[in-house]
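What follows is a pair of complexes built around subunit A, which joins subunit B in one and subunit C in the other.
Let's look at the complex of A and B:
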């Protein structure tokens, strides 16, 4: 009984999936594209850092201390005569490594717990959400300070003891203790928002008619999760991860600024800002360079996150 | 009809337990479906009507075992399907399908129409991968859509087109029985007519049986073989279309039918509306006795305490009301 008029008004454009549609919307958003370009640029800088730095980031040259920016040192030099540009580039590496590892760990924990809580419900849900709320209620900074203050000395001492026993130079690399503690404590405080988001997504999608229809078709739970729930839940998660990467960078800088994150001489934007702040009236470039890059990265991630939000949830915007 | 029952619903009960209070310390029970029994005959269209919240959709969901029944049986092919777990239910799922009300959330937005329609075919191994495109094209033709729609995504389609895809998805399983849960209520009136005619054509072509859940009495009158009237989780009356519309016995049915406007303006002039006072009581605390007694114009003492028996007063005409005499001349 196919009515002829039903076919008449259908245009002949190629069909667009929601994902491709979202890409188009993202590329029409100038701010989001700018954010994406900056993020990609910073990521490339982080990746190819060792080949981009004009000087070694640790080499001190006391003859050129505290120099203003010049052609030889584009961002100037610090109080030990180290090239600030090279240190900012290495700080970018620190920021990206911390952000990516922390966000990956936090998303893995959050998605697993959130999906279990949302899908199975009941006592499991209540236990997981109680644990999530409890974690959220602990002040971030306090937790990180406590972990770093209480664990750093024993872990360092243990590593020194291992070195004495085995003479394996691996145990002398205390940089990894910093990173381990920073990653660990940050991941420990960053996962609850992801768990909540994923749980809410799963709860809302689980009740939609298309999931009930899939159950009525007799599909297995595994198929329903893989084809119905996951593809519809990842949109908000992508937005949240993009914003979360920026947040993790700020958090790492904040901890390093306060001296509980990455410790000198490993460069981090945070500890560079901390060093620069003491002398900013005399040598403003020491503060300006890392602060500007941190600001740029934060703004870029936030524009990208906004753009992704508009692109992936078009009904929510305007 | 004189046909064999395809599904026998026996004393079906569905209660929901809800948690109230800040800590969920107070439990309350929603009596969504309470002791409902009826048969669905092979090849017929049985409609369930009633106000929102009367449990007609819950009945549909529960008898497909999409919600676990609190008590009661649904017998299909000799098996009580509401007692089966998901794994043992799977072979029966293919035969029992559902079409939902909201065309905008009934299709997975990440799947093309072809994937939506093809998925059950592959899952139940009703065709090989090589035969699939031809099968999909045939199903789309069945519901009046051109085969190139298989490449499209749900958001590119209109509400009526999506509902056609949802029907094609149900048909892909080669079902015997389809629950149409307010399947046309969300559509424009002109599109409603198209979808109704489509459903009737498909019923003829494939010998389908429908449970049609609706609140539009004009539509129900057009398509049904038999009609059941529900009120607050219970069946009030069940009869053939002719019996119900010409000789309603339950006071609730009478009130419901008197609310349907007549197309003929002269008849409309003389139409006597029976207006019920008050609201539907909460299904959290349904009235004792007959559930309708709080609003019934002819309620008696007995109605307030004794649940009226579900009985067949005329062959094929069931009613639950104390005021209806033992046997009513047809």
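Let's look at the complex of A and C:
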């Protein structure tokens, strides 16, 4: 235990200035602010989707099939007469749910493995990093395809067994199988960058003079980790999470586009683009609407991530 | 030096085997019984006969332990035997070798285009740091990086159809055909964005080095500084991105080939995926991973040649 007066001394140092600094730098970057505004807007749309949609996203109205955008249907209607705007809004919900769940799981796995590797070093470190490098060396789209294909049978069987055991109709919903498959396979391929990042952070911070100084002052390991290692490692992790959310959205729509992600009728930008691709010569709005929103979201995340990087790692960019 | 390469190679082989093992295990346990899968696909008149299936399983060696089966799969692979497709019954090797040249040519062209376009753009951006030129190049790179190939492809086609009266080029006619331009461009977007940013960062770092300042102080023209003093050290960090570029291209090819109707590995992947054709998926995944791992090995071997300073640290390892 550190002497009480030392702890008090450390407490007097206001650690907020770093964050306030970063905040100021972020707001000076116009592109980053634009990205932040778009991300917040899309997040609000995803959150309040059911109250925003002008129509039900599943209701088919064959009298208004394939209509171009108009005042009644701002983004037009699709080949079944469903309102495209409502489907895009529900696609936003899909994208955010997948991105948040997948990134959370991937960060949890990555931080745990990276911290263990960086902290203990030695054989454990080498094994974990070998594993990480190998996961990264398989093209992630192909890897997720294999994981997805191989998870499908057991997950479906498990859901069916749960249904037989409980007779709860919840387990018969194919939507949940889709989501479980997407969550699982995407999380299993998304963790390596976080593991690498956290390991590198732990390694570099562990040897910094201020950590040595803190140790020399007699601070406990716990205090050193909480006060010096974590705050300094969090910055790069935030940057990488913000970029990771965008990547996860692209990945989800890519799988749905290929037909291995979220399947119709659940709307996803990816499966809407895939549907739109078949008829874009005649009804370009069916392709343009989801593609534009997906493009907007990924560009926003990319700008925000870049701005956060400049704001939180001021030394890297002058 | 030779010892270094030999060590890398020796460490590389078990990595490749482990990736193969992991991918094979996933397909093995996840896909279920291949004979059953073939029977389920067969036309209606084939009766589902458990005894006959058991006999076929025994004959095909599917009742052997997992590791033995994996071993024979690897041995067959080395001899170019990838098994047969579940849907068409054709040899996977024949399907892959028919499709691979298209993808390889396209990918190679994309790598060349990336190098030719991205490295100069990155240098221009860095040497005009914080000017309008820099912002435009960097902004466009960020933009291109964020747009997935299956969004960029169709949108470009829509734009082109408004400009070109004769319709949009579609299909495959070899490397020297006009129709390669659009898919090539879309496939190169993300690698170009990646390399522009990488080059820019590397050049900015080198610009602050003493030898650049000395060269400038001596009155060496800016062009000569760029080519003689900056380009060479910049190439080292850029070349190390080869593995990542490979991943982007393998991923991108799946969509680009689908959107533009090219008969390559990417389209084969998608059709295998929709049919759950496991032998084909397995083969393509292994080829893709092999390419990426090969690029990583190449970078490892090239690195000390490009940057002699790295040689000492390598030797001490």
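Note that in this section the second predicted complex is superposed on the first by the 291 of 318 C-alpha atoms of A that agree within 3 Å, B and C clash if a C-alpha of one lies under 4 Å from a C-alpha of the other, contacts with A are read in each partner's own complex, and residues count from 1 in each chain.
The definition used in the following text is that contacts are C-beta pairs under 8 Å (C-beta built on N, C-alpha and C of every residue); 3 or more make two chains touch, one makes a residue touch a chain.
As the structure is a prediction and not an experimental result, all values here were calculated from the model.
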Inset, instruction - Report for A:89: first if it touches subunit B alone, second if subunit C alone, otherwise both or neither. - result: neither
Inset, instruction - Tell me which partner A:218 touches in the superposition: subunit B (first), subunit C (second), both or neither. - result: first
Inset, instruction - Mind working out whether A:134 is in touch with subunit B, subunit C, both or neither, as first, second, both or neither? - result: second
Inset, instruction - Please work out whether A:286 is in contact with subunit B alone, subunit C alone, both, or neither, and reply first, second, both or neither. - result: neither
Inset, instruction - For A:304, decide between first (touching subunit B), second (touching subunit C), both and neither. - result: neither
Inset, instruction - Pick one for A:107: touches subunit B only (first), subunit C only (second), both, or neither. - result: neither
Inset, instruction - Please indicate which partner A:195 is in contact with in the superposed arrangement: first for subunit B, second for subunit C, both, or neither. - result: neither
Inset, instruction - Counting touched residues of subunit A, say whether subunit B or subunit C comes out ahead. - result: C
Legend entry - Contact residues of subunit A, present in both the subunit B and the subunit C interface: none
Legend entry - Touching residues on subunit A, where the partner in the complex is subunit C: 31, 130, 133-134, 137-143, 145-147, 149-154, 246, 250, 253-254, 257-260, 273, 276-277, 280-281, 284, 287-288, 291, 294-295, 298-299, 301-303, 306
Legend entry - Interface residues, subunit A side, partner subunit B - complex: 1-3, 6-7, 10, 14-19, 208-210, 212-219, 221, 223, 227-228, 231-232
Legend entry - Contact set on subunit C toward subunit A in their complex: 15, 18-19, 22-23, 26-27, 29-32, 139, 142-143, 145-148, 150-151, 154-155, 157-158, 161, 243, 246-247, 250-251, 254-255, 259, 269-270, 273-274, 276, 278, 281-282, 284-285, 288-289, 292-293, 296
Legend entry - Footprint of subunit A on subunit B - complex, ascending: 61, 64, 66, 86, 89-91, 93-94, 96-98, 100-102, 105-112, 119-120, 123-124, 141, 144-146, 149, 151-153, 155-156, 161, 166, 169, 173, 194, 197-198, 201
